[in-house]
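Both complexes shown next keep chain A, but they swap its partner, so chain B is in the first and chain C is in the second.
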Partner chain A sequence: MLDKDILKEFQDVVGPEFIDDGDVMTNIYAYNWCTEFVNYMEGKEPIPFSSVPKAVILPSTTEEVQKIVQLCNKYKIKFKAQSTGLGPWNQPSTDNSIILDLRRMNKIVKIDEKNLYAVVESYVSGAQLQAEAMKYGLTVHMPGAGPMASPLASHTSMAGPGFTSPQTGHSARNVLGVEWVLPDGNILRLGSLGQKNNPDWFIGDGPGPSLRGIMRGWVGAKSGIGVFTKVGIKLFPYPTDTKFVMTGHAPLYNFEKPDYIRAYVFDCKSWKGLEKIMLRVEEEEVGFIVSHISGLAVMAIFSYSIEGLMDKMALGVLKNPLLVVMGARTKREFDYKQMVMEDILTEYDLENIVDTKYVPEKVFYAECLRANLGYHGFIATGGFQSAKGQADAAALCLRAEKTNIPLKQKYIKKEAIANDFGEGAWMTSYEGGHFFHMESPTMFNQSDLKSVKGMANYMDESNKQDLIKHLGAPFFIEGDKLHDEWGPHMMNYHNWLRKIKAAFDPNGVADSGFYITAKKEGENK
Partner chain B sequence: MTTEHFPEEEYQRMIKMCLRCSVCKWIPQVQIKSQKYASCCPAMDIYDYHAYSGGGRIILALAYEMGRVKPSEDLLNIVYRCTECGNCAIACKYMNTLEPLEIIMRFREKLVKDGYGPMPQQKAYTEAMKKVNNPYNEPHEKRVDWLPSDIKVDPDAKLLYYVGCTSSYRRKEMAIAAARIMNAAGVPFNILKDDEFCCGSPVYRTGDVESFKVQLNKNLDVMESKGIETIIFSCAGCYDTFKVDYPLYREYNFEVLHTVEFFEQLIEEGKLKFTTEVPITVTYHDPCHLGRTAEQYEEWAGDELKLMPLVSINIPPKPKNIGARGVYDAPRNILNKIPGLKLVEMERIMEYSYCCGAGAGVKSAFPDMAIRASKNRIEEAEDSGANILVSACPFCSTNLQDGIKESGSKLKYYDISELILMALGLEPEKLKQATAGGS
Partner chain C sequence: MNDIFQNLVNICGKKNASNNLDILKTYSEDCSFVSGKIPISVVWPKNSKQIEEILKLANSIGFSVIPTSSSSNVRYHGDTLPKKDNTVILNLSKMKNIVSIDRKNRVVMVEPGVTFGELIPKLKEKGLRLLLPLHPESDKSVLTSALKREPITIPRYHWDSSDPLLCTEVVFGTGDLFRTGTAAGPGTIKQQQKRGAAQVNPMGPTHFSPYRVIQGAQGSIGVVTWATVKLELLPTVQKVIHLQSENLQDLLDVQQILLKYRYADEIVILQNLNLACLVKIESTQILELSNSLAKWNLIYVLSGRGKFANDKISYQENDINDLIQELKKDNLNNNSPINEKDILTALKEPTAFPWRSRLKGAYQDIFFITNFERISEFVSIVEKMAQKNLGTYIQALNQGTSYYCEFDLFYDPGDESAIPDIKQNFMDISSKLIEAGAFFNRPYSLWAKEVFANHSEETITALKKVKKIFDPNNILNPGVLCFDD
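Coming up: the complex of A and B.
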């Protein structure tokens, strides 16, 4: 709870109904998915509750956010901002913290269809923005977490892959102008938004040096470097026509397939073949989804229940599967893309199982377009989380995947994680194959203590393996402990990160549990 | 079927499984057509805090079980500011296997058992129900005051029209319309008059299961003693309670139909013939209790097969209520058969229809919340291009009409049975009013 006088000051900012420091509300906000194994990894009790915030506050404007942050500085209270709120990164790391739930900041400020960008506030979801952009024949880089997640959070503060990354890239590459409440309470407007004359959102860099790297770097600061209240983000042509007609009932809606959409799933038969074919498909720029997933994941993306998943065992035998979904706006474009794919299939002697060996439910295509495929990962055990998270060349991503298999199998044998033969993986390209992302989704049971502990140990060992085998940095290297472990092996980046933190957050009020604190170099050694 | 449809161990397991993903705040992701009408949860729209979402309530249930929070006014306000519309459950169960609505209902039941729930206003109507058989605290002997003398009731008929408290005391036009339609079709029907008691839905949904069971037994005793073969309901809430909830506690041997299902049959059989043009543009509001929550629990007596560590399947698969078996086609088929009538749809319909805002004790304990939710729905109805809002539930009717009044909307509201009467040529004055100001 907050001291009464301090509470009053916060109430004066947002109104008494939009701050709650009671036990009930603060405990609800202390919960999140995967917090149990994060707690265990940090040597705490493996329960799904983090530190309990002192209060939860719901600002509605940038000015209110600014005043809240100023009060946090005044009273040395940390703050943690969250939007749609999926995952432990939204949790405070100390009980001297308040949560800013940005739920009321949910406006689509504008859609500039001519210049292909939209400006959104924090709580606009991916599906909401896409639905509105579709009215102009456009789409957006959808968060990898799913269409219910916030593009602003994804673009400014989190890792950035998504199912449509071959077309729409990485979150960091989609950020344009940004309105940013710094940890000291100042408002910084990045890129063209910072211009004196005619400020607008169309570019994120300059005038002067770009701050995009400082703002979010590769995986974002998870609110550890301030609060992002508005962001300009790129829009892209929607891959197909935008009719999006749905009849019937959940979950197997009858989706009227757009005129020009087609899915391919084929077995590349070997790791080398997979690399070659994936690069080739990307080079041709025919798919808006180009994802390598495991055989089990192929079963999952076509399923809507665990029983349905197990019915598709025949698909699970695919050794090195690749999913390609293409869309087109004209028949000419569609014919061309299909011909390209036919050439590739012939050249590499591949067999497309879609519509030959397996006919997907119609709603599958709607899920591809809405970027809802990731949610199928929860079907088997109700919980999963990914290890790895490399962003690199295809070869390194595949090496990381291969080397992870024996490790995963070790934990499968221990019955800590579910059996995906150790192969569970998702790999996508960015921007037509210029670089790639790989993560290793792992199914566990968050309500089973043995599974939680096993998952935590597996994640820890997977991180260490990446370090020892030079497989690049996983995306969940967060917090002082892991940065201190990894920094010395990676040109001491952590020291620079600390300098940034110190410069931007002199009072250390932006909760850095999933970022880095400004403690002096070597302090942790 | 027994209360074991949702065993305590399932409750205890599920409250630990929320992903906190926020899916429960929106209609199914693939159904979102605009930002404005993406939301599925009235409580979230009004109170904003995550606590008010389906997931937030699951977390609260867990925090309560773990002893992290104690019963308090704050806790009760969160638990009871929910219409139990079940939209969060549809969104969640699109892919997941959690049961947010079952968890919310069980949590309330626990709070009542522990001596904390329901809310004071709900306790008051529970007492009224016990005393005078209706939650409105109206005299029991006035229950049939709605019945005009020219309506024929057949005391020997095996078809029973269960009027319900709201139609008997508050929305008499619905009771009258239903009865007139049956007279027009030449279908003999009976009503229970003094022997009709509250179905118990208002208390069941606040967690007072013991008081509910008393009502259930009173009603079933009467119906069984009269050898009833079919009961029809114009109230979606009563219908849902009889169809879905009663069998969890006591089996019965009669058929249960909502008037829209029954009237659709009469139209199909040619017993009701529409003779009059009704040139209006309407949009139809799916009541939660006639739609997504009106799915009966299916018996499941299979086995759980552990395929591998952490992964089990049910053989045969356990039936999952996901709203697909609600009554959606019958009202639409009726409306589409009315000559001259144009039906336009809102964005949120059928299993992901937005709630009117009244249910599960909210209208009584949190009238402001009920009105604000209703106003959201009214705006959506206006945006559909319709000038008439139609539904099939007296409780939705009351709250939506309150919302129309409060928002100053020009929308008119009719129950579907009133439109049927107009099409039968039996309500020329009402038809004139409905068409006044253009269609």
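Coming up: the complex of A and C.
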């Protein structure tokens, strides 16, 4: 709870109905998906609750956010901002904190059809923005987290790989103008938005160096460098015609498949073959989804229940599967792309199982268009999380995947994580195959202590393996402990990051549990 | 001063340092209207170790360092001219290694001294191409062009405003060596490559992307010693479409459709005089061609590769024609008097004859970024203030989310009496544009003060914090951007 006088000051900012420091609300906000194994990894009790915030506050404007941050500085209270709030990264790392729930900042500020971008507030979801963008024949990049996640969070603060990344890139690279409440309470507007005359959102870089470089990297700061209130993000051509007719009930909706969409799933039969074919498909620029997934994941993306998953064991035998989904706006484009794909299949002697050995439900195509394949990861156990997350060349990603199999099998043998033969993986390309990313989705039972601990230990061992074997930095290297472990092996980046934190957050009020502190608590003492 | 020079000789060797006044004087002037001070020395390091030593020396005994990469004396915009006494020029032109060309991952690793003229033929041999600025000079550094965020001509491959720059090795102003993006590690570059990495992800390490603050910093944050640069595959068939109109908006509308659906590779809009400068060398030929063209010219290139090259071009051409018809712009003149090969040369090759200097021998360029709606307004502002010898170039950027506008004021450098007026005109136009909200995202010397005066205080404060982190003693190119203090 907050001191009464302090509570009153926060109430004066948002109104008494939009702040709650009672036990019920603050404890509810302490819960989040996957918090239990993150707690365990940090040496805490493996429960699905984080530190309980002192209060939850719901601002509705940038000015209110600014005033809240200023009060946090005044009273040395940490803040943790969240938008759609998926996962432990939204949780405070200390009970001397408040949560800024940005759900009232839910407007699509504009869709700029001519300049091919949108401006959104924090709580706009990917699905909401896509539905509006489709009216102009456009779509938005959505992360693997799915269409219910906030594009603002993904673009400014989280990781950014998505199923449509071959044609919509990575969240961090699609950022234009940004409105950003810094940890010291100043409002920074990036790029053309910072101009005094005619500010606008069309570019986020300059004048001179781009401050996007301190805003985020491959992953974001997860509220550790301030609060993002609006962001300009690129829009891309919708892959097919935008007619989207859906009837029926979840999960097996009836979906009217667009005229020009086609899926391919084939077994590349070897790691080398997979690399070669994935690169080739990307060089031809034919797929809006080009994802390597494991045999079990092929079963999962076509399944809508645990029983449905078990029915598809025949698909699980694929050794090195590749999923390609192509879309086209015209018949000419569709014919051309099909011709290219057929040529690749012939050249490499590949067999497309889609519509030959297996006919997907129509809703599968809706999920492709809506970047919603990730949720199938929950079907088997109800809980999953990804290890790895490195991104560079395809060969590195595949090596990381291969190297991970025996490690994962060890934990499967211990019955700590679900049996995916150790092969569970998702790998996508970005920007027409210019770089790749892989992660290892791992299914576990969040309500079983042995499984939670096993998952945490597996993650830890997987991280260490990547470090020792020079397999790139996973995307969950966050928090002081891991930065101190990895920094010395990566040009001492952690020292530079700490300097940025110190310069932009002099009072250390932006919660850095998933970022970095300027100085470790011990050092402060 | 002698101590500094002797120390530089000790680091780089006698042959790679100079305090010859004639040589030093060449670094005090460039093609801009800026006048610089004469540096105290120039040094040509050969590797990052030497650069580290020089920057550490600069921090310890106190001198300024300006990195340059050009082997020629032709430099522009005043950003490499010394603004302070006690300046050493760090000339990186002898760092000329093309470290690796990676066909599989479509990436090249180059040192700063590698020029367009040297690299393009080597890439062609492997079926690769750079993402080029418009007809770059042969002796221009590939790496510097990327560091300056010079616009590239293929908007659909311009995935981020930072493209084509990927990972870098950099020595910060502190003298500390760093590698950005996935090049940071873990492991050395060799160890990473052994695992299959190719330094193709510029983001990171982890929560920050230092390459973004190095880029656009005019050498004031760090000295880049190598970078990986994104490549594309060389097309085997290309078709040039040249549409002409007296109405700029007509062409902007057609271009917008190409951008929206990500059709076409190179897309540029050029006013007649600039297009003529691009494809002709002699001024009489330039004027003759310019007079035969409509005022505005949209050029786009359809490309294909491999056995379906013509099929790809054909479907795209037909789809585009349908869209142009829907727009009711199908009456645009598509009869080009220019040989397709000449246009492709300008778009694909470097040149020994800077195209902007061809008409009069010299030029001053004014460039900024804006949005789709305001392009015509800015053109109109400039045309009112410069009625002759004006060239215009419009380049869609970053997947068509913004537009680079360049206005070239052509003049005869031998006509000294006219130069004060040209300078005044250059400054007046620039001021008018800044006041009207043109975004000068690359604010060089003569613009910097005004650009930052018209930008938010918070941005300036943030930039100064960044500068303080990476170059706390302000040894790197002091006086540029908002780093006056």
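Note that the second predicted complex is superposed on the first by the 519 of 525 C-alpha atoms of A that agree within 3 Å, B and C clash if a C-alpha of one lies under 4 Å from a C-alpha of the other, contacts with A are read in each partner's own complex, and residues count from 1 in each chain.
The definition used in the following text is that contacts are C-beta pairs under 8 Å (C-beta built on N, C-alpha and C of every residue); 3 or more make two chains touch, one makes a residue touch a chain.
This is a predicted model, so every value here is computed, not measured.
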| item | value |
| --- | --- |
| Which of chain B and chain C A:333 touches, first, second, both or neither | second |
| Chain B versus chain C as contact partner of A:74, first or second or both or neither | neither |
| Touching partner for A:8 - first (chain B), second (chain C), both, neither | neither |
| Greater residue coverage of chain A in the superposed arrangement, chain B or chain C | C |
| First (chain B), second (chain C), both or neither touched by A:116 | second |
| Partner chain in contact with A:417 - chain B first, chain C second, else both or neither | first |
| Chain C-contacting residues of chain A that also contact chain B | none |
| Of all residues in chain B, those that touch chain A in their complex | 13, 16-23, 25-26, 28-35, 38, 48-51, 56, 59-60, 62-63, 66, 68-70, 72, 74-75, 78, 90, 93-98, 307-314, 317, 320, 322-324, 328, 350-352 |
| Chain C residues touching chain A - in the complex, by the definition given at the top | 104-106, 149, 157, 159-162, 177-179, 182, 184-187, 191-192, 194-201, 203-218, 221, 230, 233, 256, 259-262, 307-308, 311-312, 314-315, 318-319, 322, 369-374, 397-402, 434-437, 439-443, 451-452, 454-456, 458-459, 461-463, 465-466, 468-470, 481-482 |
| Parts of chain A lying in touch with chain B, wherever the complex brings them together | 18, 20, 22-25, 27-29, 31-33, 47-49, 56, 58, 84-87, 101, 103-104, 108, 124-125, 127-129, 131-132, 145-149, 244, 246, 249-251, 253, 255, 304-307, 310, 363, 366-367, 370, 372, 375-376, 378-383, 412, 415-419, 443-448, 451 |
| Chain C partner contacts - residues on chain A that touch it in the complex | 112, 114-117, 137-138, 169-170, 172-174, 176, 182, 186-192, 194-200, 202-214, 216-221, 224-225, 234, 236-237, 279, 283, 329-330, 332-333, 335-336, 339-340, 343, 390-399, 431-435, 466-467, 469-473, 477-478, 483, 486, 489-491, 493, 496-497, 499-500, 503-504, 515-516 |
